[in-house]
Amino acid sequence: MNIIECRSLTKVYGATKVLNNLSFEIQENKITGLIGRNGAGKTTLLKIIAGYFRETSGEIKIFSERPFNNLLVSANVIYINDQMNFPAALSLKEILDVSSTFYENWNHELSDRLFDYFSFQPTQQYINLSKGMKSTFNMIVGLSARCALTMFDEPTTGMDAAVRKDFYRALLKDYIDYPRTILLSSHHLNEIEDLLEDVLLIKDGKELLHIEVEDLKEWGIGVQGPTTAVKEWIKNREVIHSKNIGLDQMYTVVKNVDSELDKQKSQASGLLITAVSSSDVCVYLTSKTKGGIDDVFIKD
Amino acid sequence: MSLSRISLQEVVKRQYTYKLRAYIQVFMSLVFIQVLGILFSFNGVGMMGTSSNTFDISVHFYSADIVVIFTLLWAFISAILITTQAYRNDDFAFITNRLSSNLSNMLFLLTISLVGGLTALLSSHIMRILMFVLGQSEYLYTPTEVSEWIIGLIATVLYVLLFAAIGYFVGTLVQLHKIFAVLLPVIFFGILILGAGTMNEAIFRNVFEFIFEESSLALFMVKIGVLAALLFSGSALLSNRMEVR
Amino acid sequence: MLSFVPIVIVVIMVIAITSLLVNLTKRSSKVLFSGSRIRWMFVGYLSILLVCTGLSPMLPKGEITYQKVDVNQLERDSNELYEAAIQGNIENVDSKYFVKTRNFDYTEKQLNIAVVNEDFLSASIFVERKTTNDGKIEALHYQTGSGLNEMSISDLMQPLGINIDKNTLMLENPEKIKLEFSQFQQAFPINQFTGKGDFSDTNNFYGGTSILYLKIPKDLELNNTYEIDLQYVE
């Protein structure tokens, strides 16, 4: 069953298309990473899914219903981001109490244990928390709500490395206890790679790639060698990244469509074929230009 | 996988109980405002003098009028505040849609109207006690009949509700477009200041008479009921397509 | 100018309320009061209100200093006294109306009447001619009670000053009594529907009748230099 169905979804703000003809589907009980650069439209997409924003055109279905102003969607979706706010009059414990009255599947035991583990004080005020603490608290709410569709938008903002690790472990463990559909947005993949099953890569409001993490690891290959040989080799191939090394060496990343035999052939012609990590593939795919920051400083 | 299904009624109920806790500051400001109103009331609201050949009698009048007026302003401002972004976003931290959010806000405003109206009426008794303890001049007792109690409670609560409804509508307009934050006060004070002697004054007077000089409680209830319903449903319609966070 | 003062106050109030509320709810790093403290504060305020509401009917109603009186009765008393005076029957009225009497020996042919301290006299003057010239003037002063709402303020009333100086009857109004009271009105939402609200409506003052009854010798001529109304009893 598809939890999210999205067909030519478009969201326009003024003159910019934040989401541009985006189509994808997300199946039940998968952990999907939503990867894209800043401004790629991740947050806009998640807010449309949560029912905060209205789509400009196209179709979006969550549990087969349109999310905007939909109570069924609201009751089964939780969206956690760093702009989240809770009423100032309530203490942290009270916020958890209120949340538990709303969400049917709220796990009190889990929220209490996490609350104690991260040493929150029951009488603390949310607005007095540091950025990392806020993110941690949001995460507790997001996990304990146990919503059928749980979305974390840049969940680790401000968290230190130890808490980040704890968060990912907690997410995974609770997912195993209580499988559900999870969407995790981030601009870098490497941290969450082990957690994910699928990756949805978006750029400029368009879907670039929606594949399993395992496939992503083999999606690209790096080719390094003398510039002329590399240029010859990459003809008719999809280049997603290229970089000059020294005066006459070049490194390119291309989509992996070659058979093992081809690779051996290339190696024979003096080219070095390497694997490209999935997070690098993401970076290259989502970058604005084919080159890198170095190109900015190259004056021809 | 089973999805949790929740009815609109249930969501509104939960949001309402949550708002009573979360918007508690509204009640604190009520206490502040009414205490201030009580202090202002010690000047009295009027004076009457009679004299005969042998007597010169002056009676200073005191009433809860100022407290009631302050309470109306408080309801107006509070209603505007709960339409602001920060409060609206709070709703979306939990299960909601725009309709349930509006409905629970209305229930909340109805509640604060009840509380505000009742406390404003009762505040005159604090004044009586204080005047008795502190005042120098003698105190004439006016009994309050049960019927006056009931009329007072209904009418005051309705007044507070009307101002809350106006505030909610104004706040919603401002949330729709910030231009209203400038436009509405300009229109209001423009009519108030420039309107004297022109046709606007007649309109103003008609509006005033329509509400403040209605002498039948039943008609008053109908008028306020209809007005509040219009304002609230207008706000709900206007904000139903609003995006949040 | 004065009418602007309340408006200015109200505007300041609005700003004050707004800033207060906004400050408390703005997501600044300080929360002035926690939820539970506000709850206690509010409950405290409510209980003060309720206690005061319970106490206020028990406040003395002015009837400790003043006796209770029925204003309608005062009016009847007043009429009764007046009628009696017109009919020359004044000596038969209830002795509670009687204030004082003065007797003068006076053998002149003429008597001027003057008010010492004002143009008008607070009492009505009735004149009864005796059947003989006995050279005696009797001045009798009667008064009925005054009341404000249900309070008798008759005890505060002073008698007229009556004297004869040479050939003038000098009458002196008693000093005016100044009384100040505080009164509570219902708030405007109540008055709007009960029709009350005009300040004077709510109070019922009745000033008593004061009568100076003169018994004069048969042929004495009264000269009324002031515009004092004299009623002759047949």
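The first chain written gets the first letter, and so on, giving A, B and C; residue counts start at 1 in each chain.
By our rule, a contact is a pair of C-beta atoms (placed from the backbone, for glycine too) under 8 Å apart; a residue touches a chain by one contact, two chains touch by 3 or more.
Computed from a predicted model, the values in this text were never measured in an experiment.
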Query = Starting at chain A, how many touch steps does it take at minimum to reach chain C?
reply = 1
Chain whose average C-alpha position is farthest from chain A's own = C
Task = Could you quickly compare A-B and B-C and let me know which has more C-beta contacts?
result = B-C
Request  = From the Cα centroids, identify the chain that ends up most central relative to all protein Cα atoms.
outcome  = B
Inquiry  = How many angstrom lie between the centres of chain A and chain C, each centre taken as the mean Cα position?
reply    = 86
Query = Using mean CA coordinates as chain centres, what's the chain A-chain B distance in Å?
reply = 48
Request  = State, to the nearest whole Å, the distance from the C-alpha centre of chain B to the C-alpha centre of chain C.
outcome  = 40
Key: Junction residues of chain A - those touching two or more other chains   = 85, 88-90, 94
Ask   = Of all the residues in chain B, which ones touch at least 2 other chains?
value = 21, 24-25, 86
Key: Shared-contact residues (touching 2 or more other chains) in chain C   = 24-25, 27, 35, 38
Ask   = How about chain C: which of its residues touch chain A in the complex?
value = 24-25, 27-29, 31, 34-35, 38
Query = Can you list the residues on chain C that touch chain B in the complex?
reply = 9-10, 13-14, 16-18, 20-22, 24-27, 33, 35, 38-39, 41-42, 45-46, 48-50, 52-53, 55-57, 59-62, 65, 120, 122-123, 146, 148-149, 153, 156-158, 173-174, 176-190, 192-195, 199-200, 202-203, 205, 207-208, 210
Message = Quick check on the complex: what are the chain B residues that touch chain C?
response = 21, 24-36, 40, 44-48, 50-65, 67-70, 73-74, 77-78, 81, 86-87, 119-129, 131-132, 135, 137-144, 148, 151-152, 155-156, 158-159, 212-217, 220
Inquiry  = Quick check on the complex: what are the chain B residues that touch chain A?
reply    = 1, 3-8, 11, 14, 17-18, 21-25, 86, 89-90, 92-100, 240-241, 243-245
Ask   = Which bits of chain A are touching chain B when the two form their complex?
value = 1, 28-29, 47, 50-54, 63, 69-72, 74-76, 83-90, 94, 98-99, 101-105, 148, 180
